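In the two complexes below, subunit A is the common chain; its partner is subunit B in one and subunit C in the other.
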Partner chain A sequence: MKTPIISFRNVSKRYGNQEVLKNITVDIWPGELTFIMGPSGVGKTVFLRLALGFEEPDEGEIHLAGIPLSEMHISELSAIRVRHIFIFQHPALFDFLTVIENVGFPLLEHHPDMDPPYVFEKAKGVLRSLGYRGTFKKMPDQCTVGEAKLVSIARALMLNPKVMFIDEPTTGLDETTRTQVDHILVNTHRMKQCSCIVVSHDVNSALTIGDRILFFYDTQLHANIENPRKFTSHPDPLVNEFFNHGEVF
Partner chain B sequence: MNALLTLKNYYLYPKNQPRCLGVDLKLSAGHSLAILGPTGCGKSVFLKSLVGLAPFSGELRLLDSFFHHPLPKLLKFPKRSLPIGFAFEKNALFEFLSVEDNLSLAGAFQDEAQTTQKPSDGERLLKQIGLWESRKKFPRALSGGMKKRLAVARTLIKKPKILICDSPLAGLDPLSAHSIFTMLKETVNTGSTLLVMSLQSYTLALTHFTHLLLLDSSGNPVFCGNIEDFYCKNPHIKAIS
Partner chain C sequence: MINLRQETIQLKTFTLELASRLFRPHTQHWNMIIIGTLRMIRTCLVMVILSSLFVGGILVVVFQHHISFFRADSILGAFASSALLREVGPLLVGFLLSGQCGAYVASEIATMKATDQLDTLSSLGLSDMDLVIVPRFVSIFMATTFSLMLSLAGGIVGAYLVAASLYDMSIYFFFSKFQWLIQWSSLWSGFYKCFAFGSAIAFISCYTSYTAEKSVQGVSTAVQKTAIRNMMALIILDTFTTHTFRGLMFVLKYFGVLS
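Right after this comes the complex of A and B.
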């Protein structure tokens, strides 16, 4: 029987008096390209952070790859994080390293015995396969927003992740670059059989390439849309309003 | 109708590389200009040049003032007193001021002789953008969408004749984006304001704006003019949209 990559059971999270997530129960299965959507401030990013153990829930239990996070030792969690990569909303590149050094960094960090020239050649290959056209030796502050996103995705791919958690991959990008990032997600997901969990506001991407959409609203999991490519309307008018506006904005 | 913004032989200098934007462009109150182009093509630099934050050369007529710079130069004019609102891409809110103080400070910068702001304007705007309940909070306690709404509202409190917004919808969920865009459109629809805005959505630009400036990846203009001319040159796009 398949084990869910992530399993939330009655999970709640609050900051002070503010409830961010309330009683969330959901399973995310391997091989899926899942989109997490909803208005700003409903706890989408918190959901990802909880799933990877960056935050602890106030109530409920979270299983990552079948193991309860609460029972995991920090060393076990670190080992799992190598195969479960988080790509931050802001590219989070090291500003003192060049593009190629940023991409090669995780492999050199986790496999210090590897030959740096080999790692950097591999990094160039990954960057080229993503359509990166800039120079390899430039610093992150010389990259455009789109290039920085590509570099952060390339850096994640260097470790051949089993699961990628991606926070807002297309925010601030023009439509051409957005489509390019969508292609990268689909290729990574299909070719490398990597599961992707994507927090996004990009309705067009979610409806085009997603396998499932989890829609959060008002601290709750409001809708679970299976097979988004066939989505036409939802019984809840709020969900429809969100998706209708999303196709324009 | 008097033009509020006119450009002629307009050059920008991102990274000291001159780029020509020199297409005759004349915009009046009630018009809206959408600036579209790939990431890094210079949309923000263009908008900043209009308020003296990036150098340009060429001719620029802004409200009643005429500027002619044969060489690249920053525009110099009493920015605070002119009815121009500028919403930055990264919001540029004052982190040490509450929501209501961020808003009222923008109103206070207005020249006294020109100000038409009433004390109730702030309250009305805060209610309109859904931040009345959060008026005592500081920016760090707001979500991305709330910060964006506050940044846009801060430009509106000055009742600007020219409203310049740098990607005000980037990173917002569709509901927040719709509410901010509606607020901007309502301001333009009063007929006294010109909206100049960079954005990422081609669909939105082609369906809700009167003028379009389309840049290629090097920052050169592919099209500059009103939407009807754009459709005349590209009838297949009208059919799609």
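Right after this comes the complex of A and C.
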């Protein structure tokens, strides 16, 4: 029997008096390219952070890879995170390392016995396969936003993740790089059989490449759209408005 | 309002985590530590040398005024150097280093936290403690301790230069009464303070920035808090170390370890 990658049961989260997520119950299954969508400030990123144990829920229970997060020791969580990688909205490259070192660094840390030149060659291969055209020895502050995003994705791919949690991969990118990132997502998902859970505002990408869309609105999971490629309209006018205009007015 | 309970829990967790990882050989990243230490020493070297020269000089000027009243100019060098080694040198240069190295590391760690670099390490299954905090803690400890020790020597040189240029003292005359006033205990007292101040600056800077809020405002607050906490800690530690050192000397003499 398949185990969901993430399972939320009646999860709520608040910051002070402000409720961010309310009573969320959802399962995300392996093999899916799931988009998490909704207007700004509805708790999409918080959903991802909760799923990987970066924050704790105020109520409810979260299972990651079938194990309750509340019962997981930090060492267990670290071991699971190697296969379930979070790519932050901000590329978060280590500013004291070059591009190539940023990509090779996690693999070298996990496998200190590996030969560094071999790891860096592999890193170059991954960067090239993602369409990175910049120089490998430059520092992160010399990268464009698009290059930095590619480097952060390459860094995650070096560890051969089973699941990637990606927070707004196309925000701030031009149309060409946006399409390039969409291709990367599809390729990673299909070729490497890596499940992807993507927080995004990009309706077009979600409707063309997504397997499933979870639509959040007003702190709640408002709609669960299976097979978005066949999406024409939804019984809820709010969802229609979002997918037709890209925002809820 | 300071949430004392939350702060205590954070402090306890951080201290235990740091202590447990500090002495695990496989978590030490010596290349990072050495590079970080040299970078910090390079950043503050000129400041340490300049400030220590002037601290020594000030002491000579202040003491000369009183000592000349008793026609005891021959003890000026030893008197100023003793005060410098035991109290003033480590404290004043410690203040400067808490701003220079402490604030530098605090802003670096808090910025890494605000820009998700620390969370990224966790998301890659790596430990931010092992890779960021422990190397920086050791680097800042080694850099500040070394700089403080250097400042002791710099202070004595500064004292001599001022005594020679303002009061026409020869090098022999300046150092002539050193054996009367400066014993090994003076030197050990200075070193003891250097270690204590170095540890305090390293711990406070890492702890304050590691527990900072994840925002731009969090970075500036962390830097500000680090500077204030470091200075307060140095003043408190100065009193504490003076007394504990005397106690330590008494115990060592009592058991015949020191004559």
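Here is the rule we go by: the second predicted complex is superposed on the first by the 246 of 249 C-alpha atoms of A that agree within 3 Å, B and C clash if a C-alpha of one lies under 4 Å from a C-alpha of the other, contacts with A are read in each partner's own complex, and residues count from 1 in each chain.
Methods note: contacts are C-beta pairs under 8 Å (C-beta built on N, C-alpha and C of every residue); 3 or more make two chains touch, one makes a residue touch a chain.
Please read all numbers here as calculations on a predicted model, not as lab measurements.
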A:M139 touches, of subunit B and subunit C: first, second, both or neither? neither
First, second, both or neither for A:V203, with subunit B first and subunit C second: first
Partner chain in contact with A:V26 - subunit B first, subunit C second, else both or neither: neither
First (subunit B), second (subunit C), both or neither touched by A:F86: second
First (subunit B), second (subunit C), both or neither touched by A:L108: neither
First, second, both or neither for A:G41, with subunit B first and subunit C second: first
Which of subunit B and subunit C A:I67 touches, first, second, both or neither: neither
First, second, both or neither for A:F94, with subunit B first and subunit C second: second
Touch list for subunit B against partner subunit A, complex: 36-40, 143-146, 167, 169-178, 181, 200-204, 207
Subunit A-touching residues of subunit C, taken from the complex the two chains share: 115-117, 119-120, 122-127, 131
Footprint of subunit C on subunit A - complex, ascending: 52, 54, 78-82, 85-90, 92-95, 106, 109-110, 152, 155-156, 159
Subunit B contact footprint on subunit A (complex, rising order): 37-41, 144-147, 168, 171-178, 201, 203, 241-249
